[in-house]
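Please go over the structures that come below.
Each of the next two complexes has chain A plus one more chain, namely chain B in the first and chain C in the second.
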Partner chain A sequence: MEIGETIGIIVRGGIVLFLVLNIVPLMVFAERKVSAFIQDRVGPEKAGLYGLLHPLADALKFILKEAFVPPQSNKFLYYIGPFITAVVPMLAFIAVPIIPVLQPVSTELSVLVVLAFSSLGVWGILLGGWSSENKFSLLGSLRASSQFISYEVALSISLLSMLIIYGTFDFVDIVKSQEGWKWGIILNPIAFIVFFISVLAESARIPFDLPEAEGELIGGFHTEYSGMKFAMFFMGEYMHLTLGSCLIILLFLGGWNLPFIKIDLPDEYLFSSVIEYIIYFGVFSAKLFTLLVLFVVIRWTLPRFRFDQLIRLGWGTLIPLSLLGIVISAAYVVISHSK
Partner chain B sequence: MGKSKQEVFEDISELCKGLYENRNLRDLPEFVVSPEKLIQFETKIKNNGYNMVLDLFGVDFKDNQKLQEYAGIKSRFAVIYHFLKIPQNERIRVITPVPENNRVPSSYQLYRGVDWFEREVYDLFGIIFEGHPDLRRILMPEDYEGHPLRKDFPTKGVKEYIGGKFTPNLVRLPGKEKPSDIFEEGARNIINVGPTHPATHGTFRMIFELEGEDIIGADLEIGYLHRGVEKNAENMRWEDFIPMTDRLNYLSAYLNNMIYTEAVERMTGIWNDVPRRAKYIRVILAELSRIADHIVSIGTMAVDLGALTPFWYLFKIREEIYSVFEWTVGARLTTSGTSFGGVRGDFNEKVIEKIRNIIDKELPKALKDLDNLLTKNRIFIDRTRGIGKISAKDAIEWGFTGPSLRGSGVAWDIRKVQTYGLYEEFDFEIPVATEGDVYSRYLVRVEEMYQSAKIVRQALDNLPQDGTKIGTDKKSVLPSLPDKKYVYTQIEALIHHFKGMAEGVVPPFGWYYFGGEAANGELGFFMISENKRIPWRIRIRPPCFAIYQAFRHLVLGHKLADFIAILGSINIVAGELDR
Partner chain C sequence: MEKVFYVAIYFVLASVIGLGIILIHLILSEKPKESPPQKFLPFESGMIPFHDARGRLPVKFYVFALAFLIFDIEVALLIPYIPIVKELGIVGIAEVLFFLLVLFFGYLYIREVALKQKI
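Coming up: the complex of A and B.
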């Protein structure tokens, strides 16, 4: 690997990391304001303009809190749990092309890289919940592991059905083939539905927030965590959600493409490619924020599943549906090739 | 059945021969039954349709021969039972003298609903119920010395107790009493919920035995909020007890005020002289607080199930209702809004307009939102339907009243079956759901809010204008107070006023039971007056207490996540539970 390439990876990685890390306070802010809007409240408004500085105050609070460690816990595992949960989604962004030039590592196998990293996230929850020496934490982490594994299956199968259509493991190629009207959501809506629900379940938010179900398990796996260590779980959850939304956009919603419009500025203008990239970035961000707000709205509308219902939904409904998605994809491929 | 009431009474009074004669002169038909014949007696009345032990409590007659004569017994302690026949609303009172060895037979084999009531009498009076399967202390800690409701238990100078010993005794799912092998034993896990847990809205503790996430064993510990309200009542004037009733079910304090006030008014015989406007205001505020109570019940259940938004929509209404209380009575939560012979505060145009706004505009809108968010929500229905099921027969046996009983399909509402509080003048219905599960109880509560709003609307339309306080000319039993203008000008009148106010209301000698429909069920007050300014005993019949004792049987076999739905649907309020 050449030195220039390494520097390129580091710079692009730095930019992506910066963007992703800043989504967390933005999401916290959006979560509060949207939930306040839904619930007929004002929401936080004291710190900064419209309460924009509240996430900052939160961060300060997290840092200044007492770093409590349960005395009988396994310290190493207890510390590494939140670390894994927060870092793994960041690592997954290494192969996510928000726009083509911002993909830190360009590889033909970017889909597999992202999948590999994102499914590691459950380790942090499992280790954290187990090492807390608390029965509620243990129950929460057990729920988390079985929930994530169940939904990983449906997620992977519906992903597979999209890969059958696109015929590639490279996100950039996938997005390029979705130009115009050929978005994944139109080609295979069943796979989209399954993928969307699985992403919701993998990010452990209401109605799938059983690992932390505060009504029954107090805090679930993070009952014994406080301060920055809790904040890392918190960040991990939001980044996981962001990662899932990016995957939905890349696979189903045409990535940085506008529907029916092909952005193709003539090459002779100065900076034409830069302007193109800025438009791409704007389109991608708009889609991302729409999706994230949609997730927030879902969270503040629905109640929570019970655990057996959740597992039944995963194995009994989503997996057969995702298999149906494969059939649809196969039919599409056969029809489009026979022309 | 076939037998008339008279025949039944003839039949059962065979067993009380020689103990007590004048049994039909008081508020309820009374029977004095010796402990030896108690079980025989209960078998007989159970066969004659008395299907619920509404209340069971002890009374200490220490050195009070007059009261012993009144009760028709010679022993120091007596255990008093209130039996109820649903749906005929026939009630009888049974008085059982407690012999020197403090032992009476337990009725648990006939009426399971006496479970906790007998434990409470054991705890507070030291009366042992022979044959009770689980006779532990309930409100006081296990290693507490003395029995607080005995008259010789001092109210001052008691050594401070620190600690709280409690040994769980779990009831287990049938067939799961003992683990069959070492693997099953390893899969079991005891989990402790409370006293500080997000799902316990109040302080009480639950101990669950889990197998995976299935609850196979459960025990409950209560008493964290035990303040000795009944003991306090024996040391304060009758009026001074009104603020204490606020702190029973503090979510609908006005209902408690109303029922207690009416109880004393009926006991003293001034009920008919209370102005109609006061009675109407009582009904309006009581129904508003019933709405507020149901709002808390439904809202917190929804929060525990993960739906936070309905909670906010509903709590907005609750805030508005509390504003009505603030503008009328002066307080928001602990209202103390009634006084003997009338109400505190009066409605003005602004308040009436606000109430109309709540019941005509905001409440229907919020309930429509609730309908869309929860009632028709598939996840909510899946979470609540078939959960915590209790049949009508079991519910009656456990002593369920109120929405929890109506959720099981029994159309039982004291407002309808008994005339009190002018409810007979209003047109409303008793909502009933048939399944007896969490969803049914939820639906009953929602519909009751509509019905309460209907009552309030009618009451506002016909609000009488005859004042809010009983007229001074009619206060025959209340202290004869001179007119206020003489109090300010003449020393003689001032003295009379002072004496009257210092003594307060003095109900006539005897006892009286009065129960009304509180938000959770029948809240009853059994009061014994010695014709003095402080009562001899006030027994509070808390609706939650009877319902919560069935909880540990209801959760068995359900998932861990279901207990919060069941707990939310029966709406336990620790202030009323622990007293």
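Coming up: the complex of A and C.
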């Protein structure tokens, strides 16, 4: 280990964590404004310009609320639940290259690292629901964990079919091989559909928000949580959604590449690589913004599933579809090999 | 081994943020006032809870966990194939498809058992 690399990781990690944490209030704001637009309301408008400061006011209120712990609960696990839920998506960003220089730890196994860290998120919800000693919390966390593991199968099989096409575990290599028109969504559209639906289900958003179905389970796994601990579950959900969107962009939508255009500035200009990275960052953020707004629109358009429909969709439809995705990848491998 | 150290640094960075949020909340939060005993009951929409939550659980959730294990191990078994996709070529992908065919028969069985039960 070297001092320079260590400082580099702290700086890059700090920048990535700053960006990721700041997506949460932006998402809350976007969600309120888009829902207001869809339901023909005005939405938040009192604090700041166009209500931009409402998320900040919310955060302040969450922090100042009483730190109530139910006396019947297991105190340690009660605090560790929201902690894991909020920290695990941050950890999973360890190997996500928003642009090549902003990957906190660059490793050739980045896909596996991200997959491993992001699957840990179930623990937070399971521990939080179990430790708060409330029947509805327990049922909510059971539902959440069985939903998450059901859809993780489809998610990882469709991810595997994309990896067979690219033949590498490195996100940077994957994005580089998608230059021009060869985006993953064109090479394997079925895997894209399965991955998109699984990301929606993994981040527990409508139409898949069964773990916190208000009509049946009060608040689901966070019934007994209040104040900042509740907000941490919320943050975890939004960061998980952002992580899923980043994975969709890197694997299927060409990462920081523009379609049909290769961004390659001549080297003789001063700062040409810096300008290139700024363009990359702009392209990636534009794609991320589009996906997140799409998720918000989906949330305010569709109704919620029933639980048996959800399980049937996961095990009955998505897993055979994702196996079909592997067959498409096999066809791609055969074609590219016989050339 | 160096990479493990770098991962540990990032781990500490993220955990410090998480712990910091909880600590700020604990320090700045409103101090508890005198309150009625109903405040400390588990919230069940105003009903008074009649037994505690650590009861027995329906077994159907475990069936999905078992099925998940099988498919997760299948993904883990296919992971070593990824770096040598180009070397093995058509032979390799044919073997993968045969492996998935065998798995598909197992999947049909799970579908019969797990999906037909009432949830």
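Simple rule for what comes next: the second predicted complex is superposed on the first by the 339 of 339 C-alpha atoms of A that agree within 3 Å, B and C clash if a C-alpha of one lies under 4 Å from a C-alpha of the other, contacts with A are read in each partner's own complex, and residues count from 1 in each chain.
Everything below uses one rule, namely that a contact is a pair of C-beta atoms (placed from the backbone, for glycine too) under 8 Å apart; a residue touches a chain by one contact, two chains touch by 3 or more.
This one's a predicted model, so the numbers in the text were calculated from it and none came from an experiment.
Peer 1: State whether A:63 touches chain B only (first), chain C only (second), both chains, or neither.
Peer 2: Only chain C is touched by A:63; chain B is not.
Peer 1: Give the label of whichever partner, chain B or chain C, reaches more residues of chain A.
Peer 2: Tallying touched residues of chain A, the top partner is C.
Peer 1: If we overlay the two complexes on their shared chain A, which of chain B and chain C does A:315 touch? Say first, second, both or neither.
Peer 2: So A:315 only meets chain C here.
Peer 1: Once the structures are superposed on A, label A:206 by its partner contacts, choosing first (chain B), second (chain C), both or neither.
Peer 2: first
Peer 1: Figure out whether A:307 sits in contact with chain B (first) or chain C (second), or with both, or with neither.
Peer 2: It touches chain B and chain C both.
Peer 1: Now for A:216: first (chain B), second (chain C), both, or neither, which partner does it touch?
Peer 2: first
Peer 1: Looking at the overlay, does A:123 come into contact with chain B only (first), chain C only (second), both, or neither?
Peer 2: In the superposition, A:123 contacts neither chain B nor chain C.
Peer 1: Have a look at where A:135 lands relative to chain B and chain C in the superposition and call it first, second, both or neither.
Peer 2: After superposition on chain A, A:135 lies in contact with both partners, chain B and chain C.
Peer 1: Could you look at A:169 and tell me whether it touches chain B, chain C, both or neither (first, second, both, neither)?
Peer 2: second
Peer 1: Determine where on chain A the residues touched by chain B overlap those touched by chain C, and list them.
Peer 2: Chain A residues touching both partners: 135-136, 218, 307-308.
Peer 1: Please output the residues of chain A touching chain C within their complex, sorted ascending.
Peer 2: Interface residues on the chain A side: 1, 5-6, 9-10, 13-14, 17, 21, 62-68, 70-72, 79, 82-83, 86-87, 90-91, 94, 104-105, 107, 112-113, 132-138, 142, 145-146, 149-150, 152-153, 156-157, 160, 163-164, 167-169, 218, 223-224, 227-229, 232, 307-308, 311-312, 315-316, 319-320, 323, 326-327, 330, 333-334, 337-338.
Peer 1: Which positions of chain A touch chain B when the two form their complex?
Peer 2: Touch list, chain A to chain B: 35, 38-41, 135-136, 139, 206-207, 209-210, 213-216, 218, 300-309.
Peer 1: Quick check on the complex: what are the chain C residues that touch chain A?
Peer 2: Per the touch definition, chain C meets chain A at residues 2-3, 5-7, 9-11, 13-15, 17-19, 21-22, 24-26, 28-32, 40, 42-45, 49, 52-55, 57, 61, 64-65, 67-68, 71-72, 75, 78-79, 81-83, 85-86, 89-90, 93, 96-97, 100, 104, 107, 110-111, 114-115, 118-119.
Peer 1: Note which residues of chain B are touching chain A in the complex, please.
Peer 2: Result: residues 189, 191, 197-199, 213, 302-309, 312-313, 316, 373-374, 377, 379-380, 382-383, 559-564 of chain B touch chain A.
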